[in-house]
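As structure tokens, here come the structures.
You will see chain A twice below: alongside chain B first, and alongside chain C after that.
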Partner chain A sequence: MNQQLFPTLFGALVALSLASAASAQAGDSNIVIKAGKVITNAGETIENGTIVIQNGRITAVGQGIEYPWNAEVKEYPGSVAFPGFVEAHSSRGMDRANENIDVAAFLNVKDSIDPVSFYFEDALRAGVTTINVQQGDECVVGGMGYIVKPTGMTVEEMTVRPNSGLAMSATPKRGKSRATQAQSLREVFSGLQRYLEDTVGDKRQGLDHATREALYQGREADEETAKGRSMAGSTWKVDGLELIPRWEIDEKQAPLLKIVEGNQRMFVFCDSAQAVALALEVATDNGFLHRTSLVLEGTSWKAADMIAQRGVPVILSESLMYRERDPVSGEMIETFVPKVFQDKGVRFALRGGSTASKGLWYQAALCVGYGLTRDQALAATTTTSADLIGLGDRIGSLEVGKDGNVVIFSGDPLSVKSFVEFVVIEGELVYDRSNDTRVLHLDTGAQPENTAPHDPNADFKPHGKAEVPDDDGSDTDAGENEEEHEEDEESDADDKHDDDKENEDK
Partner chain B sequence: MMTLSFLILPLLSSVATAAPVAADLSVHAKVVYTATGERVENARVSISDGKIVAITPGVDARDGETSVLAITPGMIDLSAHATMGSRSVEETTEIRPGFRVANTLDVFSKSWERHLYSGVTTVMVHPYDNNCIGGLSVVLKTGGAENIAARTIKADAALRGALGDQPSQRNHPAFGRPTDFYSRRPTTRMGVEWEWRKAMYDALYAEGQIDSDTAILRRALSGELTIFAQAWATQDIRTICYLKEEMAREGHPNMRIIVDAAAEAWREPGLLVRTKTGVILPPYEHEGRTEDNAFFALSSAKQLVDLGVAVALSSHTAAGPGATLGSQAGFAQRGGLSFAEALAAVTTTPARMAGVENRVGTIEAGKDADLALWNGTPFELTSRVVGVVLDGKMVLDPR
Partner chain C sequence: MRPSPSPLAPLGLTCCLSFVALSPALAAADEEAQEDTSSVFVIRAAQVVVRPGEVLENTAILVRDGRIVRIAADLETPDGAVEVQGEVVCAGFIDPWSALGLDGSVLDDRSSDAATRTADGVDLFSNDHLRAEALRAGVTLARLQGGYRAAVGGLGAFVRLDPALDSASEAIVDDSAGLAMSLGLSLPGSMRFSRGSDGSLRMLSGDRAVDVFDRVEAVDRVAAAIETGRQYREREVEYRYELEEWQKAIDEKTLKLEKDFKKAKKSRKKDQDKAEDKGKEFKEKKYKEDKRPRAPKFNAERAELARVAAGETPLVVEVHRASEIRNLLEATKGFTRLRLVIAGASESLSVAAELAERSVPVIVWPSLSGTSRPDELSASDLSLAGNLAAEGVTVLLGSGGRDAAAARDLPLLAALAVGHGLDPELAFKALTSLSAETFDLADRLGSVEIGKDADLLVLDAMPFHPGASVRYVFSGGRLAITPEN
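Right after this comes the complex of A and B.
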């Protein structure tokens, strides 16, 4: 008895001391942010507000609130504190975003995420604090997505939540027709059904691996007993699945079973209204409609009524304005897509553009220009986005209990004149514009000391604006021109390479 | 000649545009930015016969009167993209000063509406830049009568040319080397520069009966006709500025140059000041990476304006709801330009560059009634042009 008790006690002591060490550390990480204006995204905007972050979580938000004596106080009286934008669906930040295999649900984008990708750096600059990385749209069923913060040197450090959901595409993958894509998509689930039925049938007839191995070894085979769970799900079921322990199910089929059982968040890509119809059909037939967000592009918005009727939320592509020519009158018709979904009462999130200067703030600003309210535009880039990736309780607004993600803007986050000055993620300062060496280059063209140029093939020289050449212009800088020309050719080659890569990504 | 056309053209076109304007019109705004340095609050702009007749400050909107949050002058884009069709590039020769882009413009093209409804009421349209010297540009309104001549504010407004990569881009045969007689020259950047200089010197030293092309080049040399040269990269901006200085040494000091798509102008502000060269900046896209591998710094406009270089903004070929000329004025402010300077860069400065400042660019009595009506602070992405008045006619009604 004593012998048994001793290690338990010892273990408890170790655990206690570890816990106290951890809490001591956490106590040091108290941070208080005071800003001229706090946009909480949850009710009213607070003038001269204070945000208290302890152990990476927000513990208080308000005006003139008290905070721990040992907290590190950061004051930004002329600036605006904001919860940070949430990218609900992005295939950037990965090395090779697309998989050749049609049904690759057993893969995880975690293995493709490149922490030093320029995309993540740019995301911080644009005030994005959370990104749901998903496989590219060239798939039937793609790999598992991963939610990261744009800071850290390894995916583990970047992790906000693993396994956000699976990508799926109702749009033909390269080389497939619409009919083939539709058939492939339906076949994913009929194939799963066949597989499960065969597996259960084999078990019942004693043809499964475990039984045959027992026979071979001269043992009695196990009784036919329930070792697994029976199949859940709201549409079709395979009886007798409880006979199969879940670990015996093929690893390519297991994630698909999870989808049908309604245990998997899904992001289904659609480029057109007809793809939306297919996506909704497959999701309804296989019982995952309630776990689905549609990722829309092109003419998909034309199926807005259908989407509204099924109550499915959507994630909208970078190009918000759909332009088409009336086939009869030749009139140019412009449709501002977010407005369509807003008016139909469909929940929607926006996706950021290709660069910091066209990031989520830009998309949200355009929405306001085209008739959405500020709250609607902000929700589509923060709270709704967070909901759609299952983090509605953790990010998207400045509320007690949520992650300590705060972006300090120099002014209104949606103004073209505002910049991201600081980014705090989980209570840690991860971006400071005054240390952002690339900003100086992007803004003024100047090359900061001891940094690599923005484009490694271009030789950017610092050029103060007061510098005026004192020669009389007769010197044509022949040598310099020649030099630049050579470099141009080099960067041509590089550009081509980049283009190829981009094409691959798409 | 120049002053003569100044006198005649406005007369001609005011006759043409006066016809559709029947009723008088007035619009009201919380703030009217006149682009003359004034910011008039709660003002009414009254219009008669296609012209602005009065700006009345400190009044409330009348019943039924159009009232918006802000009014600016209709914007002016000196490097507007207009659809001309794929066969509108002259491919016979590199130097073609006499071709008029006005003759290839389609008045029914929908690209005019795109400009007009984004608040751009006046544009300068150039021939495509696949020749070294491509022809004569035109300044015209983006709406109005269904007839290019009637919309024209200034015909033969500028001589258009291009430097850099583009003029030689298409001259390489599909395969092999351009060694045979049938391949077009030039095939390199230095070939482009050579074509330019040859054209100038040919015009300088032509003797006897001169042809019309030479006459046009001579007008450009004398400064009577402004040269709008596309040059993205520093080396091309240098080329055209040095060419101007070379011509000055040859006895033509008055040549006038505007560098279009001057992405890297920020690198040579001194040269631009010295040669009194104005610039049209390209749209801010792709974090400053532009064509010809040029890098367009966000604060370009600010750096250049501070040194006294004339700066106009343009939308060039950019498309999309946030790629309008108005949002370019927004991005220029992001780069440090003040609101007044940004406003000037899309109104008064381009009007002066194009030589149409007596008709458009400001909200003043006597000017053309071209107005952009905004639903918020102009040039912010959160606001948009919701109404447009063109030649005194409400062509886009905010209601």
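Right after this comes the complex of A and C.
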């Protein structure tokens, strides 16, 4: 009997070890999420649905579907599974972003992203799973953006996709007027044009010279000279640049040339209708209109007709309600900006506000409150946003083949009463509310591990000199606690500031 | 404007009629585009002021697709055309110096240079009510100028004041309407103290005059800027010539090289063999040719200044003191092609003879409210226009380029200037054809002639008559103002 059993057992063991080896190779185990309700953002909402994520990708979504026997099953019968919000354009999560160098096409925001920024932590808490970080809203050309997930200790770990697109601004930066900003913006591209003309001219000149030299010396011209196109690697797909290998273009000009080539997305920041007119003109003149999204603020919506006519999508800023006084009658006029674009058939995405309380869920809920449909509001914070940053095929909805990004809400994602319970990004559980130290502290007053209790009535103690009741050298921890507190205050201050602004507007 | 027709009227009439008769192409075009009649108008009037001093009686004007296509007494109204009737028809008024529709940041801009375009600072999305008011007053076109506080304010822009126009391509008629500079203007106010005659300290506010020492070089700087432009153009022309010469020489050389190629090949073979025989390394013959001349480095500012120096763009300098006007005239004497226009010109009367001699037009800004700027006190003098004109100076009238709402008052200010001695015909000329001529728009605007843009006013009486109200305004062929709206 032993002899009979042995091979069977052995075979099973081998099979098991092989299976685990295979899953280890792929990097991730399988995970199955069952939720009371699954909002897929792609057709019907599924009651008691199941989502299967294998190796970070969704492999099945539906009701009562089968899943691998070895999958880790997570059941949330009373909760709602949602694809997670997508931030199409964020100016946060950075440490000293570049807003100084006017024309900085060669910069990459990767170098400014701060993985430990409170913003990313808060993004998870608000159900945001993908963020396109951009800098240089106040520059002329601000640099290349970077798409991250709000989890990980290094930018590399956070990476979803590098080089999301170049940021450009049609809004005058400090010290500039509209006219001089426009001048600088046009100069970027006319400068590129002149640079290319010079480069091509010099190249052609060199070839002509080589041809004459060969004639003089009585030998055949070499291949490159004879054929009149580059033999050294790939060339640019721009008319007239057949002679120029890609690497021969200056690194300051190359990112701009990629834009002109149509290989790069462009995000143009506009604060007014005038700026929109300028942005559209520059994009049209330089052939990248079809790759352009406008990031809008202020009176930009007044150019909605122009935007609709060119078919350019837009990303709307925090304040969705525009208030102004009629200059003649003095009457207060309110315009709900997303509605304007919805009515004109312009594709739009929403941006989260500068405070956590005005996150993407809030912006979407506001849209529903002002007459947009739920689907329209959700699209503006998920699928459209994903599309505008070039990830339409990867994120934004719960569909087979997409990234395994699932946010478990306690209720409806747009309800003020719901909160995020769990966040799964690429098949990995990255947030669990029951372990969220800050939330626990707020909810129950629980003291985070290894921290000194915070007494709001205590006198302010300078960093490093805090009196610690207990030992084990928690000096630095006390300092951290203070910092935390500071940050909370800061966001409160922001809140207040916003309220003031709104009051002013009123 | 005298209400009676000038002796030139019959001539004008025959001219126009013969022009119509000689234009069968235009007449044919008339019959063709019948389907779109929303842009076809017939304007009938007792008097049509064709251009200053020329009036046609009982005449009709046919407007189609934004232009005046026929002017005739016996004109029939085509099917579907809109007919408008009135007493007097004349060209729309042009404000050559205005701030209407300028973005605030552009008006106050001090970072501008010669290549800055005011056209980029025109905000077509706001101030529609101010534009509508100006249009209702008969001002159809304004030359906007940003950066009045900057030494070089950049290029001006002619903008249609029709509030219905939202895109720059429709509204902006000309985006390089003169390069603006300023000389010795008062600086924006800051608090300062001065000791009164009784020794007490008084606090003053408001604009202050430029420091004397800062003024010393200002005129030279203007002349130096034009000089850099002139040199830039000279270098450009030189380069083009050198390049042509070089190309010619190289072409000849190439021909010769191609002809001698077989010989060269043979000689190379021989040399190669020789080198091999001797066991030496073969060396190619050294080839030498003249270097291609380098193109001068592009400079956007200088390119614009070059246009100024060559007279392709007029130079508009806002300057008020007599001494500075005189110095400016003196310093720019050498630039024979320069087209200088002087704006503001408070103290220009004492240099009127020089201005007349150099035929430098002056944009005067008659104003009811006056100014507190210490160096520009008489800028708003109501009699300045009349006095200058009497001395033979070409006078334009503008609304001052500071206050957006002032453009509306331009016809009123012109009437006041007439009241203070300016010949009414000259005043009318200043508001229409003269502005157009000064800024190279005379082929499109400033008069009622076939082929010109239909920027037309229909009034109750002759312009500047106290009872003259504007009933209809056409802006680029669009009926923008009617008594009903």
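Everything below uses one rule, namely that the second predicted complex is superposed on the first by the 376 of 506 C-alpha atoms of A that agree within 3 Å, B and C clash if a C-alpha of one lies under 4 Å from a C-alpha of the other, contacts with A are read in each partner's own complex, and residues count from 1 in each chain.
In this section, a residue touches a chain if its C-beta (ideal position, glycine included) is under 8 Å from a C-beta of that chain, and two chains touch if they have at least 3 such contacts.
These numbers come from a predicted model, not from an experiment.
Asks: Given the touch rule stated above, what does A:180 touch, chain B (first), chain C (second), both, or neither?
Replies: second
Asks: May I ask you to decide whether A:44 touches chain B, chain C, both, or neither, giving the answer as first, second, both or neither?
Replies: A:44 sits against neither chain B nor chain C.
Asks: According to the stated criteria, A:213 is in contact with first (chain B), second (chain C), both, or neither; which is it?
Replies: Second partner only.
Asks: Which partner chains sit in contact with A:354 here, chain B, chain C, both or neither? Use first/second/both/neither.
Replies: After superposition on chain A, A:354 lies in contact with chain B alone.
Asks: Does the superposition put A:302 against chain B (first), chain C (second), both, or neither?
Replies: It touches chain C, and chain B stays clear.
Asks: Of the partners chain B and chain C, which touch A:274 in the superposed model: first, second, both, neither?
Replies: Only chain C; A:274 stays clear of chain B.
Asks: In this superposed model, does chain C or chain B come into contact with more residues of chain A?
Replies: After superposition, B is the partner touching more of chain A.
Asks: How about chain B: which of its residues touch chain A in the complex?
Replies: By the definition above, chain B touches chain A via 110, 113-114, 189, 233-235, 238, 241-242, 245, 266-271, 273-275, 284, 286-289, 292-293, 295, 297-300, 303, 306-307, 320-322, 327, 330-331, 333-336, 375-376, 379-384.
Asks: If we count contacts the way the header does, which residues on chain A are in touch with chain B in the complex?
Replies: Going by the criterion above, the answer is residues 122, 319-321, 325, 330-332, 336, 354-358, 362, 365-366, 368-370, 374, 414-417, 419, 441-445, 454-455, 458, 460, 463, 465, 467-469, 473-474, 476-477, 480-481, 484-485, 488, 491-492, 495.
Asks: Looking at the complex, which residues from chain A come into contact with chain C?
Replies: Residue list for chain A touching chain C: 172, 175-183, 187, 190, 194, 198, 205, 209, 212-213, 215-219, 272-274, 277-278, 281, 299, 302-303, 305-306, 327-328.
Asks: Name, in rising order, each residue of chain C that touches chain A in their complex.
Replies: 103, 105-106, 108-109, 111-112, 115-127, 129, 146-147, 154, 166-168, 250, 253-254, 257-258, 260-261, 263-269, 284-285, 287, 289, 292, 295, 298, 300
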